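What follows is a pair of complexes built around chain A, which joins chain B in one and chain C in the other.
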Partner chain A sequence: MQNERSSSPEKNQQHTQNKNEEKKNSEDWEKTFLKSKDFTKTNYINQKTGKPFTFVFMSTLVDEKILSNSVLPALLEEELYQLSDIKKLLPIPDVQLSTEKSEIEKKLFNGYVMLFLDNDKSLFAFIAAQKEVSRSVSAPEIEFSVVGPKEAFVESLRQNINMVRKRMPIKELVSEEFTLGSLSKTKISILHVEGITNDEIIQTVRQRIKNIEFDEIVDSSYIVQLISDNESSPFPQLLDTERPDRVAAILAEGKIAILVDGSPHALIGPTTLIEFFSSFEDYFLNWVLSSFFRLIRVFGVAFSILITPIYVAALTYHYELIPKDLLGTLINSRRVVPFPPILEALFLEITIELLREAGARLPTKVGQTIGIVGGIVLGTASVEAGLTSNVLLIFIALAALAAFTTPVYKMSNTIRLLRFPFLLMAELWGLLGITIAFCFLMTHLIRLTSLGHPFLEPLYPPRVQDLKDAFIRGSFKDLNRRPSYLRTKDPIRFSGEKSHKKKDIDE
Partner chain B sequence: MIIGRQVGIMHKPIQDRFKISPFLPLYVIMAMQIGIGVLGFQRVVAKDAGNDAWISVLGAGLIIHVIVWVMYKICETVQGDVLTANVYVFGKIAGNALNSFFIFYYILTCAGVLGGLIEIIKVWMFPELNTFVFASVYLLLAVYIINGGLRTVAGMAFFSLVLPAYLLLVFGLAVKHADFTNLLPVFDHTLIDMIKSGYRMSLTYLGYDVLLFIYPFIKEPQKSKKWAHLGVFFTTILYTVLAILTFAYFSGGLLEKSIWPTLEMWKIVQLPFIERFEYIGIANWAIIIIPNVAISLWVASRVTKQVFHLKQRKGVIVAALLCLGILMFLNSRERINMVLDLTALLSFAVSYLFIPFLYLSVLIAKKVKKK
Partner chain C sequence: MRGQKLFLLLLSLMLLSGCVQKEVVDDVNIAVGIGLDKKDDQILGSVMIPVYKTDRSIENFTFTSKGTVTRDIIFQMSHKSSQPIVTGSLEVGLFGEEVAREGIIEFLDAFQRDPSVGARVYLAVVDGTASEIFKGNYGDRGNAIYLSGLIQQNTERGNMPLTNVHQFLFDFYQKGKDPFLPLLKKTQPDLVNIAGVALFKDEKVIDSIPTSKMFYFKLLVDEYSEGTIKIKADNKESVIKSLKSKYKFRLKKRSPYEFDIHINIDALVSEYTGRTVSKKVVKKIEKQLERQVASECTKLIKKFQEKNIDPIGLGHFAKTQTRGFDFTKWTEEYPNAEVKVSVDVSIAEVGVVE
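After this line comes the complex of A and B, so read on.
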């Protein structure tokens, strides 16, 4: 107390203020509380000793079952002389004694019940009786996988940590907790595995989280924006996942996970561009199959970004580029279209964006109708009306489809956006413009970091070892080392010697 | 470091996180060597040695290894870049005067390369291209790259070699139409002709002198030696193979009339969805040229920072503007050629005269200062 008083004048002031208020009215801390209807204060009398005591709690935050089943019977029927007796009376693990009035607000709003004896109001006890209101664990919807676990995070931090701990029941899995947000008091937990994760990464995250100044933190996506290395980049620099199994897997690799109370998404960092194109299901399938799918996805993304710009470039500037037979087809489809290719492409691209936005904002059932109306009716009609060519319509539809192969929603948003600068540059300088737009994109990606680690790794800086789990997903035998860019304290996952022995024929 | 303190220019040591891995000089050197020259060196080298010119190409490439060795020696002796070496040998005033020459030299190189690219684009793709707008956007890109530090510059060098590497496969399609008897008879030219041809080729190879400037940025420079040599070696092989292929593909008479034989070789490529493949090649060349421009501007701005203590962020913009200014005068084939010839001459002098001279001076200066 004395120390505090001398160290911080602010607290000192607060303290004297509290004392003054105490003199005026001992129940002054209640004033604001009393305005709320769910603030409850009830009096009881112990049957054995006749001591009167009072419960104070927020009825909406407290599980009344705990009160009536465990707390009240003990307090009413056993011998209660002084407040410290409750430690031996109550069958509840979390009971704290305190004299600090400043703690009252925090405890009450965290679902504690405050208890004091009517004759001594300076000493009180807090009994944990939180009501856990959260939806039950359901199957992942965004990162759905056909094989593999069907659990997804929910909005409760405790439940989420529970799901991760179940998959990694070791003491080295450390969960550090922070409280953020001047109004929301959101609990944030950083998970990492001691002895594997590089301390620098943990230190960086800790520092950035401590530096956050914000009032209301609603979701983990707020945290992403607040601690990103480059907040103006369209690329997400932390991977979010709703799968506890994925979190356990990346913790074992030496990354960190950030869980935010009230958010069904964990944040994973440091991450790389490649990771955004790998679905967690890749690890459930045989490595040959998953490598093939990964390559398809990478092709899909390249196709999705480049196809319309190439169409615009070729038809605006480089008809010579198109072979004769193909040129016939293109001329036929564009014969009646009155617009230059760029307008045609922009018109269709924006139509697709509108459809996506409309589909995403509407309830599922209506959304489907929108898809049909937009996709089939609008598409066919605009071709028949001669507003667009059907070749371009095919390209745009394919590009939209390809963009959806990206397993991470945030990344597919980025891809949606990237197409437009490319389109404009294609209109300006044809293929050359596309190349220059691409150079800008490359530079941006090279410069980007995730928690201080290069975002483009293992492509640049090139690391051959990490390429085993990049465009192709190597077999588990080959993945016996943790990603080298993470500089883990223990780079070897398993020795791999036994599995690497190759037997001769017929032995 | 110690030497730097002796002569009174205290360079801040470069932090580890701004340094590049020992193998990256391979890409930086290769990217700088492969520029606009690849598209049209064949005709120039064949002027003297004809179908034997590929031997000169190979020979000129192998000599570079000696220069690279000398450059490493200089940097190792003074524990720093060529700027430190100049000041060490010639004193602060004369040394810095020499150093400021490099600013001029690299800005001119940058303008020459970019001018060459713009010329090719104008001839092959867009005759109406607005030089000012295109050069501004391109230089803006370079400034954006340089603002990320040498690591980003080296990154672009890396990608500019790896991504367009598929273009090499396309030359395979030209092999079908090549007649390798064109190369016979071998050794049909005099040694003088071969040396003349080698001299012309050495101009195309230039660019490895950046090593003198990036040296302090290399992690464990000792390890980087083999990579630097390997980079030079790869470039040599690439040029030699390309020369052989060109001489086999073109008959002597046709080659004399082809300014850009490499581009013309692409014209033979026909794919079911692309005719005129050289368009893809030219578009890709914009990527291949980027490190040339970015590295040149990086060196120019870095030297400005060391000599005039101008912040590199500002220095790079000044350098880019100067480059843009020079480009505005390069509106004809003759002028571009003049600049390209001038930079070639300058860099030939730097590599083959100045660097050996500097090495000797450093050795002498070291002995004198020890006493």
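After this line comes the complex of A and C, so read on.
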């Protein structure tokens, strides 16, 4: 397959071979490659020794600047007698020699350039020349915080690990890498801190990730669904975050983080229900304030789930529970409405859901705001038309607002869904129905686990120590122990005694 | 597969076995007050239903019907009503004087048996007929709210001791204690007065206490009171507001029975017609009040003994202090029991006027 014209040392130009000839001479491994246009194969001749050599690479994956600036000059102008010489010649850190033909595909598609001397095709070298195409680091959009770092993960795994490592520059921060997906060959990295994180957790994650059978893993949310303890539960069992600072914080607590190449979200586990109601911004504010906001959020969630079912239950079955002064208001607003309370409530709930869904599909974030405002306008119109009562409209709007206080997007979706079974049970059996629905919810939550750890901890099983960072966020001085349910190897974060000492006076 | 079948079975059991009867709030007539009077040989029942107007005002509508028992009367009324009449939201139950004199416990059965009727519904005896009271228009929040507010307000801040269905039934079923209820009287077309306390012997009204004696009565039967009383000391009138009062029974002797009732009053002077309330005056007022309360309370108890009724529950108290208590013996001995009332008044405050 040598080209005669390129044999003279003076004319060391690049020669692309004739396609037909190439196909004829191509080896087995090349056959599928040749169908792709971006598969490139070029021949060169070393000026000093006259040795012909060939480059094979995917032009779309390789940074050609590296080739023309660092690789080619050395290979063409220095003395190249055999392939092992390139280790001396090339100013590139990642150069590997190999005889394994099975590695070719993997390396080429990871942005390596394959090099071999034309007289010995059994030995070849892989030179790293990956083209890094990724967007630059931007501010977090979902977990936005007013104070605190303004960095969010991007789609590049290397960049993401870089952001975590910068916050924890210790050798104990271990990053284990796996490649998953028979088609996507997605790189997945498990981060944990050695000496803190319980081995069982790491082993569980390792095992579950290894057992994944899937072809195309596009995002970290695929991984959540694939390795969840209970995949049919509406509750997410791994917390996803786009904040590298949060990942660093939970690693220090003894949890693990899973990063997936191509996904700007890290997964955190094991997690608890309470963690879904804590925004990372809580840790940037004074503990009194953040505790108050957490309680507001918990109240908001309870309100959001329960207010419409209670309205339906009270108006359908329990008129005797309604205070006399409120009775007039309720009856007046209900009198013109032709539907029973359940239809009225469903009508408004579904309107809000439609608006929210439409808002999410609108291109800008403004769309969402307009959607909600539109909802209230629509609601007011439906009150005036006598389709719904205005008391319920207020409740629904408040419930929708309260659901937005949940800091984790996936959890607010769960809350959206949870309202409907409660509503139906309220219609069926009134407050008794709500109680039964609540029993089912509680049973489900008690049975739920996250990477084998109880999801409802520290409420059940009760762990008093972990309550310090649950509904309230204790002060940093009191948070000197790692969460007990994680069974960390080193449960003490720092000396609580020392941190409580005041050092006002120099002795 | 088996789980699925079980689930489907449970689901169909849940959905097909029928639901609870719905009572949508605007599709029912919510009875808030019920009144029972005697008419001919039957009972004339009236049920008060608020009509919520679109301008947010409340009108009163009354269904009346004749019958013999409460539930039957309400059932008779539903023949006239476009929406079912529901009784879960009752506020007051009124009994005409004639009914009350013949006994009310059979009508109260409907209140006890229905779990949706609260135990804190107010009951009252009407000097006159209940239907007459229902005819008026009181206040702007509906008649029932007015009537229950009238009793509640006077219980919390006035001289009315606490009464409601629960209290009445407790007193009724408690041996050695007789119930009592507020006595209402319509004085003006748009006002109802508290005219005193109706005293029961078992289930029948046999006597009443006028408003002027209610302060003393409350001292004897209610632990906490905020009543007011006017007393005359040194030819000057002063109004005393009782902040707190407590009573304590003591059984001193058994045959014949001898009781000691000690009443402790912490009070304040809210009005005094003289000039300054010096310490001397305070002492005088205290002494005068002690004397007055003691004598009035003794008079009340004497009256109870004459009528052989026991609203303050001396019999019940004696029972708690005696092993093998014999009630038949007690009923004979009660009129002759000796009851001593001792009072301790301390005036804590005389106001800011110097």
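The definition used in the following text is that the second predicted complex is superposed on the first by the 465 of 507 C-alpha atoms of A that agree within 3 Å, B and C clash if a C-alpha of one lies under 4 Å from a C-alpha of the other, contacts with A are read in each partner's own complex, and residues count from 1 in each chain.
What we mean here is this: a residue touches a chain if its C-beta (ideal position, glycine included) is under 8 Å from a C-beta of that chain, and two chains touch if they have at least 3 such contacts.
What you see is a predicted model, and the numbers here were worked out from it, not measured in a lab.
When the shared chain is aligned, chain B and chain C each come close enough to touch A:Gly430. When both complexes are overlaid on chain A, the residue A:Pro341 reaches chain C alone and has no touch with chain B. In the superposition on chain A, contact of A:Ile322 is made with both chain B and chain C.
Looking at the shared chain after the overlay, A:Gly195 reaches neither chain B nor chain C.
In the superposed model, A:Gly386 lies in contact with neither chain B nor chain C.
When both complexes are overlaid on chain A, the residue A:Phe438 reaches chain B alone and has no touch with chain C. Looking at the shared chain after the overlay, A:Ile331 reaches chain C, while chain B stays out of its contact range. Using the contact criterion defined above for the overlaid structures, shared-chain residue A:Arg447 touches chain B, although it does not reach chain C.
Comparing which residues of chain A touch chain B with which touch chain C, the overlap comprises 317, 320, 322, 324, 429-430.
Across the interface of their complex, chain B is touched by residues 317-318, 320-324, 326, 429-432, 434-436, 438-440, 442-443, 446-447, 456, 460-462 of chain A. Remark: chain B residues 21, 24, 121, 125-126, 129, 134, 137-138, 141, 144-145, 147-148, 151-152, 155-156, 158-159, 270, 272-276, 279-280, 282-284, 286-287, 290 touch chain A in the complex.
Partner chain A is touched in their complex by these residues of chain C: 14-15, 19-20, 22-26, 28, 30, 32, 50, 52, 54, 56, 58, 86, 88-89, 91, 116, 118, 141-142, 144-145. Of all residues in chain A, those touching chain C in their complex are 314-317, 319-320, 322, 324-325, 327-332, 334-335, 340-341, 428-430.
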